[in-house]
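Below you'll find a set of structures to go through.
You will see chain A twice below: alongside chain B first, and alongside chain C after that.
Our next item is the complex of A and B:
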């Protein structure tokens, strides 16, 4: 392992990633790439799952150190499950985001993980929350994260419209992730999308060869 | 919770005390260079085939440039249906897998159920994450349980990935090349064994830290076939001299017997309740 490790800011396996979430009319799309890397040189997994289900209709995307992110989402899953037993009902999306925020803020010295939480609940419908590295929590209609996000801020700002249809939003998310994966070396693999609506959650995978191409020939 | 873990797990939440202590210790050594633990160069590999899981490993343990053990066992027993290959710091892989194995055995006895591979993975992930990367154990865990055949990798920082095939260790790049080229889903047993053997062989040829023999472990629903060694190195050496000497080789010149006088100082009787 020593020979793979260079001056990367993240120790061990990093998700070095592109993640995004966007609200459409009636639901929310959350998605990510599938590459895990070590030291910015070695791809340790081409098929890592970064979209984790923390409750029936609440999903999280992770960025940063893979070990820290997996540990935090495991803890969050447990807390949410316990919370929903106590409340005798499904948790709110903001509750899931708050659990992650508490963990990230209280342990900010040791942890290196950021999250995008998206889901649907009865009180406020579809929502997207961002929990950054230091533990800031904000709500946004569309958000991107990870190292590959820098390459698509322009695209997202220009192309996102509120109240898109489900198909438009899915296409928007696929395009954005494909563009980021095309420019960022530590993002790649396949595109994992989860579409969450009142009815439930649906997982869509777009393999590498089916991704939209932009001036790639 | 009481069923699964014999060791006391610390209070809920993250506990980074050990990481803080280590950081403080680093400052005490000259130039911050803490003593380096022994690492074995290694090639380990595993893959999921039609009826189960095949794990493979080389058998060389090195201490700098000297081969310390030519027949080191790197495939560790976890439970009757789960085995684990370990790369990284020798002591860490051995101890971590031993702790996991004893925890799972006690769990089996208490609950009356066979352990599942995913449970072993969760225990490992929790333990390695708690030590924040200080335990240098890169593990490939494979097994067959009531939910099917599974192969997982657990890295020192505590991240986990479920994979159909993988190679780890200092010889991993060479081994992974062979695996990437030859792997298909639902291979037959002989093909799977041959693919793992070829990948470990590639690791042995291309990496100085890996060598000697190849061990293979096949786990299926029917049971475990631990073949040690599966393939022996062509460079094996036969010992030419005998090191056993027959009695009388060394001449006895004198003999003196001194009887020891023992005195009974105290006698106690303790009744054992066997009713």
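Our next item is the complex of A and C:
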């Protein structure tokens, strides 16, 4: 969300944020920064994890109002856990994204939350879905969101290639988030990454001093 | 086989002293009075065959179909009270459609079958309503999960099958189905065998005219449930009639 809109429109704590997800050969990387701010002036948390697990191999990143995003992901997590018991197996990533979409669309008047959902399932392998503020759902190989994303569209467009290796993709994600955090004042802190493959999900944290440094720093 | 449940059979909310709910058993009798429907699962799809008895020459051909489309990839063949079956087909359609709306993908057949079975079961609990007087067979084909076949009866239980039969000649049909090696057959081979089984179990003496309804879903239809095309159906019926004649002939020789 653009910084100059967040002040008046978003209630309370917002995730002026940078979130990202990208598919590589055999899996998907989903990541975010870790700053939560109030009105773009006060950093209320330096270490918040915006990558939420909604099922074993499905994660989502929150953007927008933190309270709304947390409420929606909690509800979605409940729905999906019940759904997976009924289905006698893990839910499809598209099912998780659809649950989030239904919640965002049906409550669009009250809510201000958007998500990037990424995961791995048996049917279609690694996938990334974007659920926007009003409840649009689309599938993409790579996607970025949040206020910091505006600063890295060029980088992502130029540097993302399909079928990267896991290491290449992890480095790409870290670089992208670091660049955004370097320019967006409401994004910062550490980089939280989750790498999801057929084998499971692995959480990687890149602390501030280990972030890649670029020319001007 | 029929037993009288005097006094304990007036409502579905009453058990008999030996632990039976007679209303549900009577509902199953309604299914046994109807003509036969069979569903068989092969290695790349499902084939349904229904012996649709034609009670009057005035009926328009193809009316009162007993095979329904529940979703693009799911078909349903029914036996029993047709009106009850139609209402359940509508229930199944709504389940499948709302699943797709909520979860963004095709409903898995086992889940659909469980949901409709739960609905059927609900009607066996109260005295204010009667149980559904129909059984039905659900079949689907999905690229990853392959073909699936489930049957639901009036008590509200659902079973998964490789081949099943419902209706008056279900025993005879089951015997014929068991002779088939369906796991190695394709839909094109199976559709002829299904037609043959319906012709075999059809009772020429008691029931005169009948229409054979055939439908399939599988790789051959790209995962869409459809009525079998006219040329394939005519081929299958010809095969069925020829096989019956051969068996008649061979019976004569044995004497």
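The rule is simple: the second predicted complex is superposed on the first by the 207 of 217 C-alpha atoms of A that agree within 3 Å, B and C clash if a C-alpha of one lies under 4 Å from a C-alpha of the other, contacts with A are read in each partner's own complex, and residues count from 1 in each chain.
One rule holds for everything that comes next: a residue touches a chain if its C-beta (ideal position, glycine included) is under 8 Å from a C-beta of that chain, and two chains touch if they have at least 3 such contacts.
Keep in mind it's a predicted model, so treat the numbers as computed, not measured.
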For this session: Considering only touches as defined above, state whether A:94 meets chain B (first), chain C (second), both or neither.
Result: second
Exercise. Counting only touches as set out at the top, which of chain B and chain C does A:137 meet: first, second, both, neither?
Worked result: second
Exercise. What is the contact status of A:70 with respect to chain B (first) and chain C (second): first, second, both, or neither?
Worked result: first
Exercise. Of the partners chain B and chain C, which touch A:209 in the superposed model: first, second, both, neither?
Worked result: neither
Exercise. Counting only touches as set out at the top, which of chain B and chain C does A:167 meet: first, second, both, neither?
Worked result: neither
For this session: Would you check which partner chain A:123 touches, where first means chain B only, second means chain C only, and both and neither mean what they say?
Result: second
Seminar exercise, completed: Between chain B and chain C, the one with more contact residues on chain A is chain B
Exercise. For chain A, which residues are in contact with chain B within the complex?
Worked result: 1, 3, 11-13, 36, 45, 47-48, 65-68, 70-71, 74-75, 103, 107, 110-111
Problem set entry | Partner chain A, residues of chain B touching it in the complex | 13-14, 16, 19, 88, 125, 129, 132-133, 138, 155-161, 163, 170
Exercise. Along chain A, where are the residues that touch chain C in the complex?
Worked result: 83, 86-88, 91-92, 94-95, 97-99, 101-102, 122-123, 137
Exercise. In their shared complex, at which residues does chain C touch chain A?
Worked result: 101-105, 108, 110-111, 114, 144
